Amino acid sequence: MFSYFANPERFQNLAKWLVPPLAVLGLLGIVIGFGAGLFLTPADYQQGDAARMMYVHVPAAWLSSFSYAFLAVASLISFVWRHNLADAAAKAAAPLGAAFTFLALLTGALWGKPMWGAYWVWDARLTSMLVMFFLYLGYMAVRNIVPDEARAARLAAITAMVGAINLPIIKFSVDWWSSLHQPSSVFRTGGSAIDSSMLWPLLVAALGYTAFFGWLVLVQVQTELERRKIARLQRRLTGGRVSRPENPQRSVSDG
Amino acid sequence: MSAASFIPLSLRAQKLGCDRGGHPVFRGVSFSLAPGEALILRGDNGAGKTSLLRVIAGLTPHCEGVVQTREHGEEWSNAPALGQIAWQGHADAHKLTLSVRENLVFWARIHKNNADLETVLDEVGISAFAHMQTGQLSAGQKRRLALARLLIQNQPIWLLDEPTASLDAKAAQMSEMLTSAHLRAGGIAVIATHSNFAPPGKVSELNLVAAA
Amino acid sequence: MSAASFIPLSLRAQKLGCDRGGHPVFRGVSFSLAPGEALILRGDNGAGKTSLLRVIAGLTPHCEGVVQTREHGEEWSNAPALGQIAWQGHADAHKLTLSVRENLVFWARIHKNNADLETVLDEVGISAFAHMQTGQLSAGQKRRLALARLLIQNQPIWLLDEPTASLDAKAAQMSEMLTSAHLRAGGIAVIATHSNFAPPGKVSELNLVAAA
Amino acid sequence: MNWLGTFMAVLARDTGTARRAGGGWAQGAVFFLLFILLAAFAIGPETRAQGPIAPALVWLAAVLASQLSLDHLFRADLEDGSLDILLASGASLSAIAAGKAVAHWLASFAPVTLLSPLAALMLGAKPETLVPLMVSLAIGGPAFVFFGAMGAALAAGRHGGGLLVMLLSGPLLAPPLIFGAGVIRAGVLDTPDLKLLLASTLMALVLSPIICAAALRVHLE
Amino acid sequence: MNWLGTFMAVLARDTGTARRAGGGWAQGAVFFLLFILLAAFAIGPETRAQGPIAPALVWLAAVLASQLSLDHLFRADLEDGSLDILLASGASLSAIAAGKAVAHWLASFAPVTLLSPLAALMLGAKPETLVPLMVSLAIGGPAFVFFGAMGAALAAGRHGGGLLVMLLSGPLLAPPLIFGAGVIRAGVLDTPDLKLLLASTLMALVLSPIICAAALRVHLE
């Protein structure tokens, strides 16, 4: 399927169509989800208003894992098929994923104080989430530190693929180790365990986050592709080192 | 040295081009070598000799053209010739804390070559130093050890980057003679050099020209 | 390059002998160089050229004889000439992760030389690479950077170990010319080489033969 | 050019250089003992008496010892040109990586595993905790070295360095560390954590050479 | 050729290479945080609750972070020929050693000092222990780096290596470590231990460059 979109032209056309609706959907979803969560839903009978943190925390936590999965798959495609577009997508997804992860950590910590009496506990889910945050940082560090862009992309892709081991750990950590943290209650075998009045704003917000993510990734991939095209053209025009515009095309002759 | 026991190969490059660090280094390099032939690469500093050798070895990817090898009577195959190449770069690649002999033993094991190492060391004139720590050798003695490794590796294609650097006149001539013997045994060699390295045999030259 | 601003020195060695790793390398080496004179060291691999240079620089202790320097009109002094020597060894001594320019800036700071680095880089033909990572240079380009360092160091005594290694013909000639300019400015040079390095000027030769 | 031959040759050579380089083979063990010594000082007698912390500290020291100078695992071969020659001559990169990792394990972790009961006793551990400690180190050790090697390979280029090694292998080391700590805290061998630890090790042994090979090839390009 | 000029040039260059080498500047800090993370796991929540151990662990982590890759402090300059050139041109070896040690301190210990309160809190330290911890790290830090540098210089030759560094700097590190731990255990600044710690640091600052210079000169011969 991705070979169909491999063509940058085709991608740019598609992106032009997708960007506006995703932007609208993303912003609306987040506003409605948060709004409903904050004002329309009842306070939790155990947790009181602190439970409203959920509408920020839970979708952010979901999206952080989703972004990582996206990053890992895009990296796989770019590594194996040396696919420019997938690499640009991975590059765009990483900071967004890191931001979601940070948001989940932050809101979780804030929520933890009233709930567990501590901002932070060393528990498996929390720690694997922290580990995922480090993985995002590692991915971005590789891209920044290695000056040769092509090489940086390939190394970063390996990093992302290796880190994917972490995803199932996050998912199952609560079952493997007894944990303070909630077990999954929305996505679990046997149907959702959350009341629907609280569920729908949550899902709307999550949808909003996802559209928001798609929007920003698309926009960044667009600009990244443009940037690479311009760099290519520049090289072709100057025929070599930008710092030495006087260089003609290097030539070779048989001696 | 044990007699050469490799399968002779032909090697050719067509319209080869290579970028390094995003900048073009060379374009449109073509050559063809039959068993027993050598190619000398010449060119100014930065012309791309090392880069071309790396591309032939498959160590650095190229952006245009093809490198192909073929055994006698077979088709040209596009795969890089990995596994049939003995490489001698600018660096000597010795472990300085191991003895001269231990360094050579490593390569003999890698290549499953049970030749008599003393003979090989003698051939390049460093048998007296076999038990010395490699880090204590003089620059030219280290380079001679690299030459001994070439003999141990026993591969059909030799890629040599300035083989005579640090060698005295006698050793430089010896390395010409060894290359020439390699060619006679049906080997191929591509050699980048700034000196007048000229092994007796069928030798052509390629001049890489750096613009600047 | 800023004009040479050192105090010219004379250098002499008398009956110098040196052991390395417990074995004698050379014995009875004597020479004397007045400002403006150069000495070319020749000899087979392992003859002791590098060792002799190290002894002169005071980097390796000698077991016999003396090395002395003297300013014009003063007495010969026995101290090693530390602080008046620009050394270029087999190794380039660049930090590969720094840019070309940054490497040179370091040496300029060490020697409190505020010469214009761009001019120096231009002089050795690598100004186009000033902002490149030094590790990305070709072997000859790295060696040119070492040459640039010599110019920045601006010392009366140059000790060069195979200065033309990896250099193309043009650059090798350039290094001869720079050495010659150094001699004309009242400097001294001792140069170990296997090639026919011959800077115009008052040049003598010394042939080292491995002891025992 | 076969996998096993390359593996054995690299293992033999790296064991040799480790021995030569001023007792690299003892480096892990010495760091480990130093850690224990410092820990005994820094923590002070009152706290130390509280038994359960001793095996945990030993476990921590061992893991850290295994990561010591791991960031240089591939650096030398990359910089001195050995990898170029090996690769050009068709040697398997994964065999090389595996050989180097095993040599590192022998040099840094095997002695530590043997010393661990002594160290734990020094910190006042109860005798019955010694067997789980040693077993979990023996089983988990390769996981730390092999996962660490992956980080080292990714960061081996001229631009890598310690930061990357830590950022990259930190996340990978966490799971076996958690499992191992679980075994030790339980104080018995019959826990699910021990099986999970074994699973981590097996995964590391399989994955690491492949990933290392891929990463090294990128550096050579 | 003056002492200060050489010192500053080396300091600037080494800070540059540390930054370039893939964020070597953050290496100490990352190791430190990793240590804390692992410690938190390995030790488990029950023991951790026992407050007093937290600052001691942080102190230990910081000292170990300062020794990280210290064994390579002089190796590169020795092997790539930089020291030959510096020495031949008359640069002061003690200025070079001091410059390198300060650069290492900046890269490995300064960030750790800043991060230490955070780390202690993560391990559940009481707020009032934070000031003595940070002060003792700030005062004692240079002692660890400079004493460590002495070991590194002695072991920098081709035959040196980690073992020597540890064996040589271990005994030197013990006194400041004991004094620092004393400060932390007392939990107040007004202890004789703090003065002794300061004395160790001053001694290290004076002694280390001289010893390093002597050791390096031997390696060059």
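For clarity, chains are labelled A, B, C, D and E in written order, and residue numbers in each chain start from 1.
FYI, a contact is a pair of C-beta atoms (placed from the backbone, for glycine too) under 8 Å apart; a residue touches a chain by one contact, two chains touch by 3 or more.
All figures in this text were calculated on a predicted structure; none of them were measured in a lab.
Novice: With one step meaning two chains touch, work out the least steps from subunit B to subunit D.
Specialist: 1
Novice: Could you tell me which chain lies farthest from subunit A when each chain's centre is the average position of its Cα atoms?
Specialist: Max centre-to-centre separation from subunit A belongs to C.
Novice: With a Cα-based fit, what is the angle in degrees between subunit B and its identical partner subunit C, given to the nearest 5?
Specialist: About 180 degrees of rotation relates the two copies.
Novice: Quick check: which two chains are joined by the most contacting C-beta pairs?
Specialist: By number of C-beta pairs in contact, the leading chain pair is D-E.
Novice: If we define chain centres by averaging CA atoms, which chain lands farthest from subunit D? Would you check?
Specialist: C
Novice: Let me have the rounded angstrom distance from the C-alpha centre of subunit B over to the C-alpha centre of subunit C, please.
Specialist: 30
Novice: Approximately how many whole Å separate the CA-defined centres of subunit A and subunit E?
Specialist: About 38 Å separates the centre of subunit A from that of subunit E.
Novice: If you average the CA atoms of subunit A and of subunit B, how far apart do the two points sit, in angstrom?
Specialist: 47
Novice: For subunit A, which residues are shared contacts with two or more other chains?
Specialist: 127, 141, 145, 147, 241, 244, in rising order.
Novice: Which residues of subunit B are in contact with two or more other chains?
Specialist: 21, 90, 97, 212
Novice: Can you list the subunit E residues in contact with two or more other chains?
Specialist: Subunit E, residues with two or more chain partners: 20-23, 37, 41, 158-159.
Novice: Along subunit D, where are the residues that touch subunit E in the complex?
Specialist: 20-24, 26-27, 30-31, 34-35, 37-39, 41-44, 46-47, 50, 52-53, 56-57, 59-60, 63-64, 68-69, 71-72, 155, 158-164, 166-167, 170, 173-174, 177-178, 180-181, 184-185
Novice: Over in the complex, which subunit B residues touch subunit C? Could you list them?
Specialist: 20-21, 43-46, 50, 90, 125, 132, 136-141, 143-144, 161-162, 165-172, 194-195, 212
Novice: Spell out the residues on subunit D that touch subunit B in their complex, using ranges where they run on.
Specialist: 1, 5-6, 8-9, 12-13, 16-17, 20-21, 76, 79-82, 84-91, 220-221
Novice: Can you list the residues on subunit B that touch subunit D in the complex?
Specialist: Within the complex, subunit B touches subunit D at residues 54, 57-61, 82-95, 97-98, 102, 106, 109-112, 149, 153, 155, 159.
Novice: Given the complex with subunit A, which residues does subunit D contribute to the contact?
Specialist: Listed in rising order, the residues of subunit D that touch subunit A are 150, 154, 157, 159-160, 163-164, 167-168, 170-172, 174-175, 178, 182, 192, 196, 203, 207, 211, 214-215, 218-219, 221.
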